[in-house]
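Same chain, two partners: subunit A is paired with subunit B first, then with subunit C.
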Partner chain A sequence: MDVDEYDRTYAVAVEEAETAHLAQGLGADGPDEELLGTVAATSGETDTRVAAIDQIRFNAVAYPAVIELLLTVLGDTGDDPVVRRAALGALAESSFRVVDFGPHATDYRAILRSVATDADLTLRERALEFLALAKDEYAQRLLLDGLRDPKKALVAARRALQMVGHDLHAEHYDLLRDIVASSEHQGIRNDALRLLAADGDSKDLFARIVQDASQDTEARSTSAIALSSLAPEEFASIAQDIVLDEDDDDDLRATCLTTLAHGPGPSAEPDLAARVLDTPTAKSAELTRAAHQYTRTMAPGNG
Partner chain B sequence: MAITVELSVNGTTEPGGRYVGWTPAPATLRVLDADGAAAPIRVTLGNRTGAGGKLVFRLERKDASLDQLDLDLAVHGTPSEFFVAGRFGSSSVADGDAPLMVRSAVAAGPELGSFPMMVRIRKDANQLGTAERDRFLSALARLNNQGQGIFQSFRNIHRDSTSPEAHGRHGFLPWHRAFMLDLERELQRLDRSVTLPYWRFDRPAPQLFTPDFLGATDPGSGVASFAPANPLRLWRTDGQLGIARRPLFDTQNSPAHDDNGQGVLTEVQTVALGTTFAQLVGPLESNPHGTAHTSFGGVVSAIDTAARDPLFFLLHCNVDRLWAIWQRRRGRFDTQSPLTYRFQGSSTSPGATRIGHNLLDTMWPWNNVRVRPRPPTAPRTPFPDAPATTASPGNEPTVRSMIDFQGHADVVARLGFDYDDVPFEAPNP
Partner chain C sequence: MDEIQTEDQVAGLVAEVRAGPARRDALVELLREDAPVHAGCGTNTTARIRAWVLAAFADVGLPDEALPYVLEELESGREPVLVAAAATALRGRASIDARTAGLLARALSNMVDIDEPVTFESLRPSWPAQRPTTALLEILACLRDADAGPAMRAELEQFRRDHGAQLSQQVRERLDETIATVSQASRSNAASSPNQHGEFAESTQRVRRISTASSPAAAPCCGSGDRPVQQQDRDVHAGPLPDGVEFEDQDGTRLTCADFFPGRPTALAFFYTRCANPNKCSLTVTKLAELRRSIDEDTLRVAAVTYDPGFDLPDRLRRYGSDRGLRFGPSTRMLRAVAGHDTLRDHFALRVGYGGSVVNRHAIELFLLDHRGSVASAWSRAQWDPADVVEQARRLEQLVLPAEG
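On to the complex of A and B.
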């Protein structure tokens, strides 16, 4: 590559971008009052207001008035949900400048809590997720209530499970085991299994599922990985049998090989992958990839 | 007998030193056995023909780069000095695929040596080769070791409680540069050929968000899905299996944006944010940095949990690359200039900003300072060294030590990494 040519092309692009910044007001010293007025005008056109938010969000955290306006828009349940979503996006982005955002953090959390039960599903989901990531007890209670009683659910069960997972405690494991035992939705069941992977009391459940060929492959794979961490010795023994079982699912065999190579368990047989590759039966590309990777990873001196 | 020569790169004759980027690395060549020759032996340094990384040579560090270099070697073993680097645009794809060839300068003279080297460069993750990708994933998974490895210490230093060390002030960029380099060096302890790739969030990255790489979208679970042979399938942090990540944009066809279409600034828009560091760092921390984080739901969308997702490191590698591009375009490597870094003193200097964000401050956690206002623990200490390639930044990096990463103003300051599209040479005015 010619460095000079690269630089010439780049210089033109940067110059154009600098001009564009100025044209959009992005290089201005403070918020444009007219733009703030556009955002605040609840009777305004949706697209116009969203476009205005897109402009004032730039470096918004440097200007308390902008953040306060965005909080007002987000918290106004009577306002246009599309505009409120844009305000939430701008606030989430600004919250990454945590020191400057600090003075607004309490108000932000309070408004997120109010939005957690909003009529707009998208706003509700996003607010619940931000709160769940912050380990907010109120949000956690709403999510668990919805999982226990679907009539109270604010979001779909799988979304709720994902969010509950942001702040999982031992007291939740009974609920998760109930879901594994009773749910007829395989996706929900698999999600619950994944969250149980930290639960030592579920070790036997995982050992049973991974060895049960009638179970869903994803459930068996998740169980294999969970078991490898909870009971490495037991997993290694089960996994080696699965890997060498040509009648078992290739994806599960590949998962077991990958887990043996990269997990914390005892050293597995160095020639295990070679034995898989040496068999004359057809193998999936994924199993072959896992076998070669296993060989590389287990090679002496690697790591 | 035949003439034998010995190569030293980065101050060592060990193979571990033979990793270079675009930044010239000091090297020497000397005769071990002159095979009876009495006059200096003229040799030509060059590349092997065919595929693989390619090297360039300089007699002096600031010289123009050459594809071949003639050296006169003293027969009594006195080393001849030169500089070696990768040829811009010709990085390696495998360890040792850029051998430094030493030939007699006599026409059709014999080959005197072939020394495996690697042009080791941080690359666009979306363009990474399969083997490069798999080496990276394997090293990352081993570092995590299902949540029982040292990756947890990386996760632990990027929390809400430690955030003031890393965010919201000018040290945002230097701190995260150190964070990326720390992780990369740990990966390289497992596999020397690995570098940290970057997620160029202002472009679609269809090769990155796949089951074979950083995971595909599973809209049902909101958890990234992986192929059975992808070792990230085992990813576990804080005791939990999996990576909660839900893109709000079309990862196959679109640059990053949130669910309202509010997108990241492009690379050139970012570089155009300002001509001084003070003009760049604040806005950049919001957009594209914050915007890239919040273009997903899941752990990467909040400071306290973001480092649980490996994507965090590819995202921040790109943030660092944007700073590197800006530095080169604006010539901002001289740490004594307030245009390069505004807060020139230490935290006790007049007009100082928060501790950890002044030029002369050491950075937590690598400095192991655990008294207020620093956090009470320091999970990553000391900063890992890379003695085979560079002595910088030392075990207690300062803000200053993170700035001149290619050693423009201070040759000792080079940090031993380069980006595929950030040359060493200054832009031609």
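On to the complex of A and C.
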């Protein structure tokens, strides 16, 4: 399918969907009052209310009464969490239409902050995620408090790390270095390393990890890429040694070769890949592929 | 105020000053980017602390020394809590002049797409808040009380036409109330202020400068009596840049201060590529490019030095400058200090704070160095105008040439 055909098909699909939804919950004259009543009825059946939200959510942002109702449902801590989750989903969808959603944005943000400490884990995790994406100070404070003191944690440590990582200006680098130093959970440790990749103070940490063959390979690869960004010359020197070390991990050697070829560092040795390929030891397909790619990249005229 | 190093101490001092407003000047020190309490904080945390301090001025009175921080937020701020706090702080002023009202109008435009709920109930507020507000609501409340004149009414009406549909009901109501109030005020003041329109229109464009008192070239900067309030809030070291500072430019070329600065004046701005405020570093470098196009290399060098030398490697510097129209050459460079960054920071008394390796807060800073590399003029916090810098550079050249000729 070419682009024009795709555009035509897409336009038709959107029109059909609009027509279908208009025929359901949001008629040409605005929202169906009965559906709004169903959504608002806190004593109603969960499934019925969620189904009603599904019917009014399409183009809900065009109708302030619908958004206000969804905000009320989301903010009502005594209401059914399943219905509130549906309301949150509909609101999140509407919020992507930034200009149209503008009149409701501050109310939505305030309610999300309230929901961030909700009793329902799913609700608070999703609220925190939306807030963290917006680099919200309150959400960052809650997440960092939880990472520093597990008794205050609102979500799992790994999720909290991912969320805090949305903002490189958050004060989390010391905490991340502590996690790298002390965590026994390799996944969390690797997440922390990834988030440290923009931290100039972590250069030495990355250099240490990438050269330490006893470390987890993913941790070493993450460290290699981070080091190439923070200290390209230091990385180039370390990476060349790793690439030529037949005893080292092939995946890491491949990562180093690729980063040397495409990273921001100084020009690497043109024949480095040839030296890898010339060795008699068995090589993984990934390393062989990276070596060929390196050779092509370094060929005259490709620099 | 170096003894204030924790949030609890900030909260304690603010409470003390609220009880005894005579000590309000003690709060001003906490607004400095390099105040110890901000060291190690993330951007959001330092903004929250500063906002708490600024908002206190509403109750204890806003001293002149704090005004540049308020005006800076209104003109260039993009953090709703700080802009809201700046507008709130203005309640501590006996009156709001037309220039300040102009900056409030600019803040409206800065905030319209990014407004969010804030509260000044406590230093570490929880949500739901009892008394939430927003930057737009606070700005409009200030404008409602300002004696701003017909130009403000026209500006607010234009704002309503441009943005009314995207404002919350509460903000729309406050806007309408403000327009109505300004209309009444302007009718009552029209006879007594015939030139208010021109004065107000100018105020949104005006640039503040500070100058080091000892420099002969500084005199024209400071001589204009109608310049907006701007404290000389820094102690820039006299004399050329000290030894021990080594730079690397956007091409990886290493050079010392002696290699680059002496011989002719230099416009030296500070920035960093990870700055998230488009009104600060990105605009600064864009204006440097305009400055470069406005004056030849033999008259003025142009340099941008990063606050973030560990991250802003040559490749990043080159791309950041190129993307903003800066044409590099021997007298036009972007630099990072590979040695002596702290010396540089101390020499210029830079208004920058760090949360670990990342900048958490900085002012807009441009220095005009003379042919010896000494600071002749400085523009701080407020937006600067390239034409103004060109004028100063030419004046500096005229002062130097006869002496050397």
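The rule is short, and it goes like this: the second predicted complex is superposed on the first by the 271 of 303 C-alpha atoms of A that agree within 3 Å, B and C clash if a C-alpha of one lies under 4 Å from a C-alpha of the other, contacts with A are read in each partner's own complex, and residues count from 1 in each chain.
Convention: a contact is a pair of C-beta atoms (placed from the backbone, for glycine too) under 8 Å apart; a residue touches a chain by one contact, two chains touch by 3 or more.
Here the structure is a predicted model, which is why all the values come from computation and not from measurement.
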| item | value |
| --- | --- |
| Subunit C versus subunit B on the shared subunit A, clash or fit after superposition | fit |
| Contacts of A:264 with subunit B and subunit C, given as first, second, both or neither | both |
| Partner chain in contact with A:295 - subunit B first, subunit C second, else both or neither | neither |
| Touched partner set for A:195, first subunit B, second subunit C, both or neither | first |
| Degrees between the directions from subunit A toward subunit B and toward subunit C, using C-alpha centres, nearest 10 | 90 |
| Which of subunit B and subunit C A:223 touches, first, second, both or neither | neither |
| Subunit B versus subunit C as contact partner of A:38, first or second or both or neither | neither |
| Contacts of A:14 with subunit B and subunit C, given as first, second, both or neither | first |
| Which of subunit B and subunit C A:58 touches, first, second, both or neither | first |
| After fitting on chain A: smallest Cα gap, subunit B-subunit C, Å | 5 |
| Contact residues common to both interfaces of subunit A (with subunit B and with subunit C) | 98-99, 102, 134, 168, 198, 264 |
| Complex interface listing, subunit A residues touching subunit B | 1, 3-4, 6-8, 10-11, 13-18, 20-21, 27, 50, 53-54, 57-62, 82, 85-86, 89-90, 92-102, 122, 125-126, 129-130, 133-134, 158-159, 161-162, 165-166, 168, 187, 190-191, 194-195, 197-198, 221-222, 225-226, 228-229, 250-252, 254-255, 257-259, 261-264, 286-287, 289-290, 293, 296-297, 302-303 |
| For the subunit A and subunit C complex, residues of the former touching the latter | 98-99, 102-107, 109-110, 113-114, 116-117, 134-138, 140-141, 167-174, 198-203, 230, 232, 264 |
| Subunit C to subunit A touching residues, read off their complex | 40-45, 47-48, 81, 113, 115-117, 124-129, 132, 134, 165-169, 274, 276, 308, 310-311, 313, 315, 355-358, 360 |
| Subunit B residues touching subunit A - in the complex, by the definition given at the top | 88-89, 134, 138, 141-142, 145-149, 160, 163-164, 167-169, 190-191, 220-223, 227-231, 233-234, 236, 239-242, 244, 246, 258-260, 262, 266, 268-269, 271-274, 282-283, 285-287, 289-291, 293-294, 297-299, 301-305, 329, 354, 421, 423, 425, 427-428 |
